[in-house]
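What follows is chain A paired twice: with chain B in the first complex and chain C in the second.
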Partner chain A sequence: MLERRTQRIQPYLLLVPSLLILTVFLLFPLLWNVYLSVHNVSLSTILRDWKYVGPNNYLSLLTDPGFHSSLKVSILFVGGSVTLQFFLGLVLAVVLNQQIRGSNTLRALFIIPWTVSAVITGFSFKFIFNDSFGILNYGLEQMGLNPVSWLSDPSMVLWTIVIANMWHGTPFTMLFLTAGLFSISPVVYEAALIDGATKTKSFFHITLPMLKPFILINLILITMWSVNFFDLILVMTNGGPLFASTTASLYMYRQAFEFGLLSKGSVVGLFLIGVNLVLAYSYLKLFRKDGTEVEVARV
Partner chain B sequence: MTKFDPFGKYFSAIQNDSFGFVSQNFKLILICGLVLSILAAASLTPFMTAQSQQGKQVTLTAIVAEPKDRWDTLFANALVKLREKHPDMTINIDSRILPYADTRKQILTSMAGKTPIDIVSVDQIWLGEFAEAGFLSDLSSLAHAWNRSSEWYKTNWDGGIYNDKVYGIWAWTDVRSMWYWKDLLNQTGVNPDSLKTWNGYLASAKKMEAALKGNGTQAMHLVGASHSPDMWYPYLWMLGGKIVDQRSGHPQKGTYWFPTYNSTEGVKALQFLKDQVKAGIKPQIDHFWGQEFADKKFAVMLEGSWLLGHFPPDEWKGLDQRIGMIPAFPVPKEGDTSATMMGGWMLSIPETSTNRDLAWELLTIMVQPDVLAPVLEKYGYLPTQKPIGEGAYSAQLNATIPYYKEMISMIGIGHSRPSIPEYPQIADNIRQAIDEVYLGIKEPKQALDDAAKKSAQVLGWS
Partner chain C sequence: MKIFFEKSLIYSVIAVYLFITVAPLVWVLSTSFKPNQEAISFPPKFLPNHPTLENYLFVMTDSKLVLSLVNSLTVSVGSTVLSVTVSALGGYAFARYDFKGKNLMMSTILALFMIPVVINIIPLYIMLNNVGLLNSLVALVLTFQILIIPLNIFLLKNYFESLPKELEEAALIDGCSKIGALIRVTIPMSLPGFLIAAILSFRFSWNEFVLPVVLSNKPDSMIFQVALYQFISLYRIDWGYLTAGINIAIIPVVVLMLIFQKKMIRGLTLGAVRG
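Showing the complex of A and B:
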């Protein structure tokens, strides 16, 4: 009887270390952020009394034009990054999944950008896109074209960063979807071929539907990463010029660590957590409608 | 429909295998535990014995900003003297040397977490923020007893004061001045003297840009990076303007700082930046702190005295034959007094220091002329104290550092930025105004008025 009971409890006991780690490193900071967000804490007051301000920080964020502008930038950045990363990653995964020579080597080469840290990627692209001395503008000038203000034109800068982010993030999508493609049995394609399906038809009626669980998780991940992403932007432009590349995550970082407005930073951070949760839930909802829940569970 | 149960397999495996494994190998696990405990105890014993034998062992901890070499040299030289004064103690320094931005972050997080740190390097603009937060020790009484304040240049000593209390000792400084390549000016037919006035500077820019087109060198450098306000302030100051000024009637604080940079002087100063853009000078959003000048990417550059560090010290002798230096920012008209901005590093003792007296002793040794002067000479930094700047040490520095005398002469026209907690946000507002003017979005007056409105809000005026 006792042994049975112990056996029943034991798995939960074994979960305790993981739960403890999650509590210390995830739950506690989250609750701490909530606590900070309802107080007025800045670096100047951190060692003194923390004044309770209730929802004031949340309300002032709603009327903060800097935050509104950063949200707009975030929407464009996430939209652009996810779209480009996903479609390019999908194309690469499908192309390299064909029986072509050197596909494994190419796959390994394509993964390199993902293994490079975002900071190094940022610095590299900063030099490539430098308005005065960048290799890209040098090339354009050599071809007799006018140089482009890649990083100093507010209407251009965000797309320049999206390109850099695409270079950095696409390999993950490629790798993830390649794993999905490997899980599709070749027999399915052979059967389709016998039934007269063309490659295009196979792609749309076999590959895509069977890849859906992988696509879903990939989209959730790259969207969340793009929402939270800021190191590459920090290095490339520090949010400039004129805040044209200040995403909400970078706005949060600057408020908290550059200006020392910890409560304001916390509110933005909590807002971003909310955005991530809503996005993840929306994706799941969207795919459940298509009846892919089972496959998602398997993935 | 398959039920999503990620734990099911693992739990059953654990129930079947792990419990059995633990019970069957209980003795083995117990022995391993004992062995590990004995090993841990054995490894700790010598350390504990050493601790008790050397009861007066003190390790001073420091957080300082890169480059590392300068601190290594300075700490090593000062430590020798400190140890001589305390032969009964074993004193060591454990320093963490970090990049500029990380230094501020690390100091802030350490102080907020009450980590004991004995010495920190503080950029002059951080002082007010740190002091206001209660992160730094009040050194007023120690400084008073030390009695060396009159040996500092006034601006430099005042830079370490916040709310009438001393929180930092300014160790060395830097000034921004105008540097030019002599051969490029010759080649383009521009007289260096013409660079001294606003109109001359703009006319020279046009002339040089046309002459240098296509050879990979640009005429003039104009900062468009995050520190662009730093290069605008000298124009504001030389016209008599101020960034902020004390004003009464503050809703909470009675008398407090109010943004005054949108004054007539400020607008005129920003107009000059606008005129530079109109003259074809392109604001540079990337900044390489003088490397771009050393690489001859620009013929003329307004940059700090650290620019010399981009030339190898063995080239310093005779460098004045190749590059010229005007110890001033361009002025509105001939005869006007120029201005410059001074930066540099202060040494402070955090409130969390557990060795405050010893840290103060180390700090005072580090700024002793005989300890500090060789470091300034090696790295080309400018002194903040008269005995080094003008006294016996100046001859050696003058012989080693190109244009040393000219740079020292700029200390007299040097200004420092306000060290108030809200400064980073105010600088961000000014930066926005400058960007708006660069990009032609707003006129200087409108841009500065809008920025000042935001700064007033930041300072709690509305």
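Showing the complex of A and C:
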């Protein structure tokens, strides 16, 4: 009898440590954001009484041109990053899956950028893209082309960062989709081959449909990461020149820790959570409509 | 003819992307062996004119940087051990027990994984400030858990599920307690799974920047990524020193990843999606 009862509470006991950590450091702060967002908390008043200000922080954000411009920058940054990373990652995963000699070694090499931190990626590309002594502009000059102001031209800077982010992020998609390709049984392809399907045909009719669950999760992850990502930008340009490369997440960080406006930062944070949820939900909808049954959190 | 065309297309894609991947790394590596002046000379020289180890000597003898390296190692090892332990317990509960609220809990944990940690830095900053844990390594070890635990629970749950239940049952019949079976049978069989989880945890902790730059940026508790970032606040970046620092930061993770690359993909196949 006693044995039975301990059996029943055992799983809960096993889960206590992880749930405790997640509640204290993830769930509670998340909800606390709401409280902070309707008070006036800044770095200078962090320990003193916080004045209740109602929706003021929200209203001031709505009319803030800096926030508006950061949204535009975010859309371009996320759109560019996700498109590039996804298609390149898919191509690389498929290409490396074609019985190529040394494909394991190649995969290992391709993964390296993902094992390197965003800060380091940022510095390396800041060095390579440097306007005056960067090797890239030197290369362009040698080829008789005009040098480009990679990091100081407001209309160029964001794409420079997208390229750096591509280098850093593509390996994850490649790795993730490779895992997906490994999960497709070769028998399926053999059967298709016997039925006379060409390689292109089997790619569109077998590979892509069977990869769908992997593609869905991959897209959700890389989209969210791009929405929230700012360490790379912080290192490369700190959001400049002017605000040309300040994404919404970097805007949040700068408002909170550069200008000390913690409450205003919280409002942007809550807004970002909303964006993340809407995006994840749209992907799920989109893939459902396509007729695939995808269960993300299947247990 | 067609096959030849196909093969050359495949190999050119690989060659181009291999160049894109490796070139920046090689360039940074080469720069780290140049004296500071030469590092930013124009036109750039591919190989150092006067190869030198002074940049590495600088990094390895600067007391602030060395301390930050030690801090990074401490935090990474600490948070790896903590997260693998805690997640193994949780993952085991999900894999081997049926209990009320199981599905809900698993979905919640997965949903939490999607919540951007960035959004939590402001409340975490205030929280840790109020309990006096700001600028401490403990704060980093604890907060890093939110980056890693959900993924690790998921990976390890699937890993436990892939192990045959029968061996444990046999141990139970032979008179082992459930915990005894866990320690004598399940844990030894799960070591490869723990290894994958540990490598991923280490990679996340070693590279994390956003949490430490906000929560722990004083010299005593600074980690290496933040110390590198401080190069920027200097009037002019010393690229020679910085590139040496970059290579020192890259080495441990790249070595780990290269050694265990094959296992990682297998781990992801098991862990990521089972649709």
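To be clear about the criterion, the second predicted complex is superposed on the first by the 283 of 299 C-alpha atoms of A that agree within 3 Å, B and C clash if a C-alpha of one lies under 4 Å from a C-alpha of the other, contacts with A are read in each partner's own complex, and residues count from 1 in each chain.
In this section, a residue touches a chain if its C-beta (ideal position, glycine included) is under 8 Å from a C-beta of that chain, and two chains touch if they have at least 3 such contacts.
If you're wondering where the values come from, they're calculated on a predicted model, not measured in any experiment.
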Touching partner for A:11 - first (chain B), second (chain C), both, neither: both
Partner chain(s) touched by A:260 [first = chain B, second = chain C, both, neither]: first
Touched partner set for A:140, first chain B, second chain C, both or neither: neither
First, second, both or neither for A:213, with chain B first and chain C second: second
Touching partner for A:125 - first (chain B), second (chain C), both, neither: second
Partner chain(s) touched by A:46 [first = chain B, second = chain C, both, neither]: both
Touch count on chain A, higher of chain B and chain C: C
Contacts on chain A seen with chain B and repeated with chain C across the two complexes: 7, 10-11, 14, 46-47, 130, 132-133, 257, 294, 297-298
Of all residues in chain A, those that touch chain B in their complex: 6-7, 10-11, 14, 42-48, 126, 130-133, 151-152, 154, 237-238, 240-243, 257-260, 293-294, 297-298
Of chain B, residues touching chain A in the complex: 1-2, 4, 7, 10-11, 14-15, 18-19, 105, 108, 111-112, 129, 132-135, 218, 224, 226, 282-286, 292, 297, 421, 424-425, 428, 431-432, 435-436, 438-439, 441
Chain A residues within the chain C interface of the complex: 7-8, 10-12, 14-15, 17-19, 21-22, 25-30, 32-33, 36, 41, 46-47, 88, 91-92, 95-96, 98, 100, 104, 106-113, 115-120, 123-125, 127-128, 130, 132-133, 135, 138, 167, 175-176, 178-180, 182-183, 199, 213-214, 217, 220-221, 224, 227-228, 230-231, 234-235, 249, 252-253, 256-257, 262, 265-266, 269-270, 272-273, 276, 280, 294-299
Residues on chain C engaged by chain A in the complex (per definition of touch): 6, 10-11, 13-14, 17-18, 20-22, 24-25, 27-28, 31, 40-44, 85-87, 89-90, 92-94, 97, 99, 102-103, 105-107, 109-112, 114-127, 129-130, 142-143, 145-146, 149-150, 153, 178, 203, 206-210, 213-214, 225, 228-229, 231-232, 239, 242-243, 246, 249-250, 253-254, 256-258, 261-262, 264-266, 268-269, 272-275
